[in-house]
Amino acid sequence: MAIRANPKLITELEIYGAQDVSKCYHCGNCSATCPFSKEPYIFPRRSMRSLQMGLEAKLESDLEPWLCYYCGECSTECPRDAQPGETMMSLRRWLTARYDFTGIARLFYLSAKAEILAVILVALIAGAGFLLYGFSQGDITQYGGPDAFLPAASVHIFDWTLAVVLLALLGTNCARMWWFTVGRDTKVHVPLSAYVRKIYLLPMHFFTQMRYAKCEQKRPWVLHLVLMLSYVTMLILIMFFLESMWSGPAVNWSVHAFGLAATAGLLVTTIVFLRKRLKKSEVQYQQSHETDWMFLVLLIVVAATGLLQFTLHRLGLNTAANINYVIHMMAVVPMLLLEVPFSKWSHMAYRPLAMYFADLKAEAMVSTEREPVRAPQAA
Amino acid sequence: MDDLKIGVFVCNCGTNIAKIIDCDAVIDSVERLPYVAVARTYKYMCSDPGQDMIQADIEEYGLDRVVVAACSPRMHEPTFRKALQKAGLNPYFLEMANIREQCSWVHDDPVAATEKAAALTAAAVMRVAHHEALERRSVDMCPNTLVMGGGIAGMSAALDLADAGNRVYLAERSDHLGGNVARTDLTAPYLDSARDMLTERITRVVEHPNIDVLLESQVRKVDGFVGNFQTTIRGKADDGAPTDTVYDVGSVVVCTGYKEFDASRITHYGYGKLPNVVTSFEFEKMLRAGRVTTKEGKAPQYVAIIHCVGSRNLEFHAYCSRVCCMTALKYAHEVKSAVPGAYVSDIYIDMHAFGKGMEDFYRRSSEIKTLFLMYEKNDYPVIRKADATDDCDMLIEVNEILSGETIEMPADLVVLMVGMEAREDSEEVAHLVNISRDKDGWFIESHPKLDPVATTTDGVYIAGACQAPKDIPDSVAQARAAAARILARTARGKIEIDAVFSEVDEDKCSGCRMCNELCPYVAIEFDAEKRRSHVISALCKACGACVAACPSGAITARHFTDKQIFAELEGVLA
Amino acid sequence: MADDKLQIAIYWGAACGGCDVSILDTDEFILCIDAAADILLWPIATDGKYKDIEALADGGLDVAIMSGAVRNSENERMAHLLRQKSKVFVAYGSCAYMGGIPSLANLVPREEIIARAYLNNASLEPGNTTVPRLRTSLNGYDLELPEFYARVYKLDQVVDVDYYVPGCPPQPGQAQAAITALVQALTGQAEAPPKGSVVGASERALCDDCKRTKAEEKKVKRFYRPWQIMQDPEACLMEQGILCAGSATRSGCGVRCPDSGIPCRGCYGPAPGVVDQGAKLLSAVASIIDSKDADEIDEILLTLPDFTSFANRYSVAASPLQRSHRR
Amino acid sequence: MTFQPKIVGFLCNWCSYTGADLAGTSRIHYAPNVRIIRVMCSARIDPTFVLKALHDGADGVLICGCHPGDCHYSEGNYKMMRRYPLLKSLLADYGIEQERVRLEWVSASEGQRFADIVNDMTERVRALGPSPVKAALEADLAER
């Protein structure tokens, strides 16, 4: 059955960052240099091809973009500067938009304005909300204690509600991802048992990002891992140890040690990434999409205000601490509410899932008969 | 013949011959043969000392025949003939034995190889005894030239010849100059206008005092031989009636060009049925008119270009038409500028971007977002009308190799890159000027590498796409090369005619006329008065067909006489 | 007998006798011969015994004219005898000159010939087993037959020949001319032709004397036997697809056959200097076949049965291969 | 010692002889049994040459010309092509084994093909054994 080509898709993808796909003449160097590219997941060339021809349905069901960590090797090797690495990046953005049923993600990717406005809006609402709540029941000069401006307990509840909403959104997108990539694929059938048997892959990839380690240079992997672990640590602290985080002024090392480490990790890595993106020294940081900036900016603000919060509290400057916390939340809320399900942050979930699905599919393919792909020839 | 003195010179060719063949043994075996006055070996006979040795021996022993056993005569026969000439001996008193290419290089058993070498040398000795002194003759060279075809090649050849002060008759079948280039808009890779290029040529040709432009005229007859052709050209008189005029020319340049492949022969493309499937030439027409639209007059959103239409497949032509790929890329650029926002897809087999600036042009074409789809030879894409619900007029189904998928490509306008074909009159033309055609009908050059403009008929040259598919620069280069070849000859004023040709012994000829029809060069004429046939030596190419065919043995092939061949035969079998 | 007369012998080897008849056909000229010469031996016309010839001294004969090829030991013995006794030895007629019709037998093994003639032949009484034998004893007599050779030889394959008179038979006119020339030479009235030359014939091929018109275009899609087609009496027979050996045959016969609508069979042998008449005729035929397709060419040649017996009809023994080499 | 047939090769100058030279320049080894005689065109090959070769003691005769449609003299090879079947039938009548005489088309670029043909023909002729012609004609002389 013939697949309908859509020559227009390539133009749409430009907005997602893929500027040079059409230059590719399929020598296959990219797939050859990529340490992850092996049957049945040969990339980036095949993805480049599908994109050139605008095979939307096919691209939508591809896992390949998620299997790439963008080490940049392919783009460096490409004899035609077709930027395969960036193309994969753009495809990830495009897929994120595809998975998201609300259409918000697409909106953000297609228009930087929309994203910024949304962030500001959410920030303001959050800020306003916290202030109103604070003044309605507390004293701005009080930090902790019975009539604290913002009691940890209630913040904790707020965090949890937020988490639930967020998970709901992300969850549905993940479900859609599964449906596109595995569920509706008639060619392969993944038995339930396999899902169970291989479930360990999820945490493994999530926490180790071992595949990234396979890339030629190890530094990006380390940075990426540190950033991710710090973030996760922070998330855990907030979701489960918020009260003890708030305790003070005496430093409670059992939690604050983690807190500080995580914050440090976040600050250092985000700063490094920002510098790289500004300097454009390495190929993978040369073309930054607005969403990349937004992601880093929010993260750095959150980390910075978080650290400031800790310090002010120790110094006993309660009023300042309270105001700073509101600012802190004005960054946290949009970050969690918008970035995680609708933008760059979602890859935290999508990538490990992709690894998991990829593994399952590969296994299933071996068992089920699969018509061989014709060997590509150089044009 | 009893007083013959034959010298035999066996070359070692360094070790090329000597490492397998025992050259001294060869010497020993031939020394015993009749008339052999001296036999020697030397490491390099073709070297100056080697040739000096031969000349010295001719002096010293008064040799009147020379045998050189060395490489292929195709290699050094001219060298040694010169050597004989220098020593005052008729060059045709030489015979070579090919003991390198056809002996030492192809055999590994020294004994057998030496035996064979001895036999070949003996044969040469016995043959050369029957050689006769032959004299090359020279005839006047008429400086005029007939150029057949007023395309870019023909005009370029004509201009160079005319600029050198020679008269040129430029015969063109149609009523205008320019040929196929006149049908094209821009040219790859620099996208400059073919029209501008042509106008310059055409005005120069038309205004040139030394060029007679003969429009709407056909060459009817070409008689005579190099330097002395009589050509009959049928043209239109003032009252429009056809008139034949005879022109004397010394050379003929054939630049009759090509014709495009008939796209309707490939049913898969629906050419002639689907209104928006057009050939590259029809598309050129749109481009020149400056309006690229569908038959319905709409600007096409999707333009698909199909390569190799009629070329590079088993069914039609196996060869590559060479210009279509880059022309297709040119279309990509022209479409993008004519219809901004249009999507161009190139459906190709292999992208042949040979030639100057072309690879870069290919790159630039992909940068303007041309979509390249690769299909397999003989696995034709199929074009069908799209459904009403589709946002396009047609759909092209391609088994796309680079993705391994079967793709359905939307298209509003499909351009078929029709290949080049030999003109239907190429056989007639070939017959007219006595040149050969290959299996595809293209004219055959005298040597594919070393003599690509001359033909097997001396004085007749080919240039442009009548020899094989060619682009403009190659056609022009070949045309000007032909002109240069002709000028080099006219400059000398006379031309030498090879001494090797066939002759009829009129005392033996019975006038049976068996030979008349056999000669591919119509070199045999029949004298009805005497009832004898005779060979026009200047036209004869010495193939010897008539000699073998003559039932009464009245025809002799100079330098390949029965006597000489029988002697050689006895030699190899001795 | 008057000694100023030439002493001549006329003999026939493997021949049909046509040659002798051709001499008789010279009509009153025969009397001139008689006047000029004593005919010591002429089996078909005069009395005379082998022993008379044997009795002669070497060179006792001025001329010996032998027609017929050498098929058996007797032919050969007589050839040697006549050669030995004669000053001038003439091979007379196609058989003596080239082997002639008898030498067509060279394409068949001797055994087959014997079998065909004496064992499986309709004209024999059934069950006949009698075949000629070299020696037979019959009522006390020892009878001897000449040895039947494995093949036929043309005369000069057996003995040295001075002159050749071609033709099957030589045309009386030519015969007369030839004999006159010889007599004149021997009687010193004219210079003798060089040894080994063909006398009484032309130096060109038959077409030279043939009155039929010859066109440039000679292309045939098939060949015809003379009776298969209504021929144009004016045009060259080959052009009409009728196989004619004229172009490859020495003239001298007076073009009798083609003039009467019969293609030349080549009895006068090849044109001067030609090695093999058959091979030359082959080239001639090949050059008028109108096709470039191997299969079609074979098709066309099917209309040309038994080409060999035509090409070498009179000259098998004279051809380079001379005989069949089937094992 | 195995029988070494003597084969005479008549090669046209433009395709086949050049092809044989190419076999040499590309160092393709083949049987040393063929002795090549160069003619300008296969059309020059008079059937007499073949008969003469067999008469003079050749065990085989190889005739090579340009591929049909590829003749340097435009149609010479067709002329040979037309003689060949007649020649074959003539030879058959003279009792010469079919495989002793062979017509092949060899282009200037077919050095390998030429070598293969030579090897193949050498083997076939070797299998047939020596040509009977010379022996038979000598035997005839001995008969008397």
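The chains carry the letters A, B, C and D, assigned in the order they are written, with residues numbered from 1 in each.
Here is the rule we use: a residue touches a chain if its C-beta (ideal position, glycine included) is under 8 Å from a C-beta of that chain, and two chains touch if they have at least 3 such contacts.
A quick note: this is a predicted structure, and the numbers were derived from the prediction, not measured.
Visitor: Busiest chain-chain interface by contact pairs, anyone?
Guide: More C-beta pairs are in contact between B-D than between any other chains.
Visitor: Distance from the CA centroid of chain B to that of chain C, rounded to the nearest Å?
Guide: 53
Visitor: For chain A and chain B, what's the span in angstrom between their mean Cα positions?
Guide: Inter-chain centre distance comes to 66 Å.
Visitor: With centres defined as the mean C-alpha position, give me the chain A-chain C separation in Å.
Guide: Distance between chain centres: 111 Å.
Visitor: Using CA atom averages as chain centres, what separation in Å is found between chain A and chain D?
Guide: Roughly 80 Å, centre to centre.
Visitor: Could you list which residues of chain C touch at least two other chains?
Guide: Correct list: 275, 280, 283, 286-287.
Visitor: What are the residues of chain D that contact at least two other chains?
Guide: Counting only residues that touch two or more other chains, chain D contributes 46-48, 52, 75, 79, 83.
Visitor: Taking each residue of chain A in turn, which ones touch at least two of the other chains?
Guide: none
Visitor: Thinking of each chain as a vertex joined to the chains it touches, would you call that graph a line, ring, star, complete, or other?
Guide: Topology of touching chains reads as other, fitting no named class.
Visitor: Which chain D residues qualify as touching chain B in the complex?
Guide: 4, 6, 8, 13, 17-18, 20-21, 23-25, 27-30, 32, 35-41, 43-49, 52-53, 56-58, 69-76, 79, 83, 115
Visitor: Of all residues in chain D, which touch chain C in the complex?
Guide: Residues in contact with chain C: 46-48, 51-52, 54-55, 68, 75, 78-79, 81-83, 85-87, 89-90, 93-96, 131-133, 136-137, 140, 143-144.
Visitor: Within their complex, state which residues of chain B touch chain C.
Guide: 507-518, 526, 531, 548-554, 562
Visitor: Give every residue of chain B touching chain A within the complex, in rising order.
Guide: 302, 343, 345, 348, 350-351, 362-363, 366-374, 397, 400-410
Visitor: Spell out the part of chain C that touches chain B in their complex, as residue ranges.
Guide: Residue positions touching the partner: 203-208, 214-219, 236, 238, 246-248, 251, 270-275, 280-281, 283-284, 286-288.
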